[in-house]
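Look for subunit A in each of the two complexes below; its partner is subunit B in the first and subunit C in the second.
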Partner chain A sequence: MSASPLIEVKDLYFSYRTHGETFPVLRGITLRVNRGEHVAVIGHNGSGKSTLAKHLNGLLLPDEGAVWVQGLDTREKKHLREIRRRVGMVFQHPDNQLVATIVEEDVAFGLENLSVPPEEMADRVTDALRAVGMEDFRKRPPHHLSGGQKQRVAIGGILAMRPDCLVLDEATSMLDSFGRKEILQVVRRLHGEGIAVVSVTHHMSEAAEADRVIVLEKGRIALEGTPREVFREREQLSRLRLDVPEAGRIASRVHAGHPGFPDDLYRREELVEAVERFTCGKVEVNHG
Partner chain B sequence: MASAFELTRNMTIGQYIPTDSAVHRFDPRFKLVAFGVLVLAIAFCNTYVGNLFALAFCLALFPLIRIPVGYGVSGIKPAVPFIIIIALLQFFFSGSIAPGGTLHFEYGVIRITGDSIRLVIVSAMRFVEVIFLSSVLTFSTSTTDLTRGMECLLSPLEKVKFPVHAFALVLTIAIRFVPTFAMEMEKLMKAQASRGAEFGSGEWWRIIRRTKDMFPLIIPLFNLALTRAEDLILAMESRGYVPGEERSVYTRYRSKGADWGLLGISLALAAVILWLP
Partner chain C sequence: MREPFLTIRNLSHTYMKGTPLEHVALREVSLEAGRGECLAIIGHTGSGKSTLIQHLNGLLLPQSGEVTVDGLHLSGPKPDVKALRRKVGLVFQNPEDQIFEKLVGDDVAYGPFKMGYPLQEVRERVRWAMELVGISFDEYKDRPTFALSGGQKRKVALAGVLALKPDLLVLDEPTAGLDPYSRNELLNRIRELNRKEKMTVLFVTHNMEEVATLADRVCVMAEGRVAAEGTPREIFGDTRLLAEHQLGPPEAVEILHALHRRGHPVNPGAYLTEEAAGEILSLIRERE
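Here is the complex of A and B:
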């Protein structure tokens, strides 16, 4: 673990106020996201996971405590633009985050905000579109794209700003399974290239891919650790009305019948491997 | 026949069709100016010959941008009721008489004169010509180029503190969400229709009833629009947008010789339209 984290959240408290009433959402959250790390945040509806995500680039500001992005305090207005360049955010609804009438213009939107000189913009837009596999759609209007393609454009718009961290705020929840696969592939590749990823999700199989999982409950961190450590706590997870990834459920059912079969698996590939080992290769496994 | 629910497919005007003709490649700033020049010329032309010439010229533009004339002409359909209403009003009530003009019929406020007949025909032609011209402009120019072009043309106004850039952004976002809202509207209509609501089934003259029919659509549509707006603001802010701050511009235009040629041609055509007898 490096000494200076990418994002540091300390004793964060936050409440929404409407009509004179206060609804506390985050109650004392402390966490760090390191460079190049993939952190998944899971939690039941209303656990505060989206609110937490919006604190990571200063869209919301803490009532108490603080958030630093590479040492820059999100409460200081003069840092906001730089913070938002470094920490980009992809939102849930694919239709509500594209601004322009043409894909390439949308990708350039963030660059325009950063006053990047026009000569440089074209290259950065091309690179970003290539990184998300949308270079053939450069001149298309967004409403001709599928949900997954729109989300890829949204990610492209953030990549063009050359961020250090990508926050996905339930970015796959409105997509069909095909669109989800597209996004996860892109995210995996970006993470491989060294960009830190924070994914807020309620798909446990997505959380299983992270380096670290943080479980939120009523605005507090209930569990934290590697996916293996977190998904081992089945009872606590079910108390929080959270699931175990599909692979984990299958593994534990097999384990119930065949005690020799490991029950602490949570990733698809691991499951496939274990089945192959367990059956000594006698069963053919479809890797699809 | 197109279904009443398919809002997005019934409009031809305002649709960009990338056929990549020579007209498509002109600088949008010049296209906008040329469009303005021609519309002005048509607005001031009140002779039959001039309008016939303009009409023929507008029709000739469709093959030039590689779009079937029939498709272009079908763009008048939604405007036909307006043309008829205007024509009827002018026919019965304009009643102006030039010195030496003929009076065909008079009863109370209704006066039909030689001049009013001419006015009816000429203004219907003008209407059609302007629709054709706008169709040609929007068929051959993407909305992005149109707003960017407009932004460039308006940019001198920045000196008097007019927020040109914000204005262009508002326009872009509005255009961006038109298809989104049209699809939303379709969904709402289908949802209401499946629960027994009827749209557009009443006789066409019962305007009030037909308007009332739309209320169950308008209110949820507004609600959805507001939610979308909130999301969009967050997304824009999160990409570093600060209203009124210095920004750079992605698309820049450089005029070529051909663009000046376009301007020259449009001025020449305007002159012909205005000076024809």
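Here is the complex of A and C:
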């Protein structure tokens, strides 16, 4: 057996209820998020992604089954504060999650509930702002920042709590590719420092950056694997109303016109490198 | 020459005028859209995009300058806002703010009902609008709105506006938060409305893929001014313009820009997947 997982989800069932009717959303999800792992969760609208994400730090509680964060059961109220410190969430709308009038106060907000001594607080805020590249904005009001900058501040607020896992619930949906790149850089850096990242996303190019991709359909896991394993399943993905990253679509069209060109490239850098290999002519492919 | 459908001339707007918090949002903006045209407005947070579109259905009235929609002048002392709102449908960014009825069907019916259409016509319009955005009327009309996913809410909000069959459809970030399939589907539907039903469309977006597939013309806003205007091809091909306004181009363009930087003679304005693949193919063939 491998070391104990950071987050363990077992046979998770969850329904929304109203007017005596039940709308099942999650129907038996079992998964693990390991320490330092970057997991992407994709699936069409209504497949249960956000509902699943909200279970990872006890914002929603299972009807059946269980979620443990380093062994702490989210159904036990006494653990919730610690669970939410360890697993922080960033949501879709940049404007809905900034609460203070100055960036540094916003980043410090979560710490005030954790009884961190004031001098340590200042250090943590500095570290967090540096980690998201927003130290120059420390004294600024957040409402004039761009969407990407606001999301970086929101991530900073979570980092100040020294979490083990960052859950991004469509945190880049409202951003342009410039803003997405800003967030992606931050995620890469955090991932490099050993923080686990779970990103729920509609952008296949973001999922291509993860260690592992989980595809949800009707509240169940339909497909799971490395980005390459998952994106190879074009037909199934299209049935699930998903897609491959743009780099992959381009690669397969190039492959169609030039069969020697690989058709399973999904990251932008991979594609650019492959083009370099094919155009710089004499580079020999030695391996294999 | 035929009068354009929408004319904006020298429109300026200042928030909190005469207070220490005074903030100039629009400076002498001039813009036109012909009947049946599809115009994209892009630009950073705070560039004035939202302030601009709030003038189009009379949520804001011109402080100085003119706004004319289909011959209706909004600059006079008593503009006919009611008539304006029959012509212009505005879909805001956050769908959850626009949905207030308990059931999906009732929510979509609210507008046409208030407009005083007979019940049978209201029903027909609701069915038409829901099917148009890809939500089955029979399956969803009696579903509670709160149990919808974010993407489904967005579609319901859009259907509520489409049910009014406006001449000018104004959309703020229409596909943010939608899965790839729903995104394509919605873009195709909007394009159909635009091309077939000659509905004039104006949309604000962060998503350059959206611009690429939908827009006839793009207007780049910066600091309350129109900074540039052109076809998607002209705008995406202009590296300096994109960098200056921190606009992230479509992924295909980014890949081509990356190749261009490495000295490959590709045309970075080729923003469609097919075109980008074609550019790469001709690179590869050239070296053989």
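The rule we apply is simple: the second predicted complex is superposed on the first by the 277 of 288 C-alpha atoms of A that agree within 3 Å, B and C clash if a C-alpha of one lies under 4 Å from a C-alpha of the other, contacts with A are read in each partner's own complex, and residues count from 1 in each chain.
Just so we're on the same page, a contact is a pair of C-beta atoms (placed from the backbone, for glycine too) under 8 Å apart; a residue touches a chain by one contact, two chains touch by 3 or more.
What you are looking at is a predicted structure, and each value in this text was computed from that prediction instead of being measured.
Once the complexes are laid over each other on subunit A, subunit B and subunit C cannot both fit and instead clash. Legend: residue contacts after superposition of the two complexes on their common chain; A:Arg124 is shown touching neither subunit B nor subunit C.
Contacts of A:His93 after superposition: both subunit B and subunit C are touched. In the superposition on chain A, contact is made by A:Ser115 with subunit B only, not with subunit C. Touching more residues of subunit A than its counterpart among subunit B and subunit C is C. After overlaying the two complexes on the shared chain, residue contacts for A:Arg84 are found with subunit B alone; subunit C is out of touch.
Of the two partner chains placed by superposition, only subunit C is touched by A:Phe261; subunit B is not. In the overlay built on the shared chain, the residue A:His38 is in contact with neither subunit B nor subunit C. In the superposition on chain A, contact of A:Arg212 is made with neither subunit B nor subunit C.
Of 58-66, 148-156 or 220-228, the subunit C stretch that intrudes into subunit B once chain A is superposed is 58-66 (criterion: clashing C-alpha atoms). Residues 93 of subunit A lie in contact with subunit B in one complex and with subunit C in the other. If you check the complex, the residues on subunit A that touch subunit C are 16, 18-19, 21, 23, 43-47, 50, 92-93, 144-147, 150, 170, 173-181, 202, 204-205, 238, 241-243, 245-247, 249-250, 253-254, 257-258, 261, 268, 271-272, 275-276, 278-281. Subunit C contributes residues 42, 44-46, 93-94, 143-144, 146-152, 173, 176-183, 206-209, 246-252, 254-255, 258-259, 262, 264, 273-274, 276-277, 280-281, 283-287 to its touches with subunit A in the complex.
Residues 18, 142-144, 147, 169, 172-173, 175-176, 179-180, 183, 227-228, 231-232, 234-242, 245-252 of subunit B touch subunit A in their complex. Partner subunit B is touched in their complex by these residues of subunit A: 54, 57, 59, 80-81, 84-85, 88-89, 91, 93, 95-102, 104-105, 108-118, 121, 125, 139, 141-143, 154, 157-158, 161.
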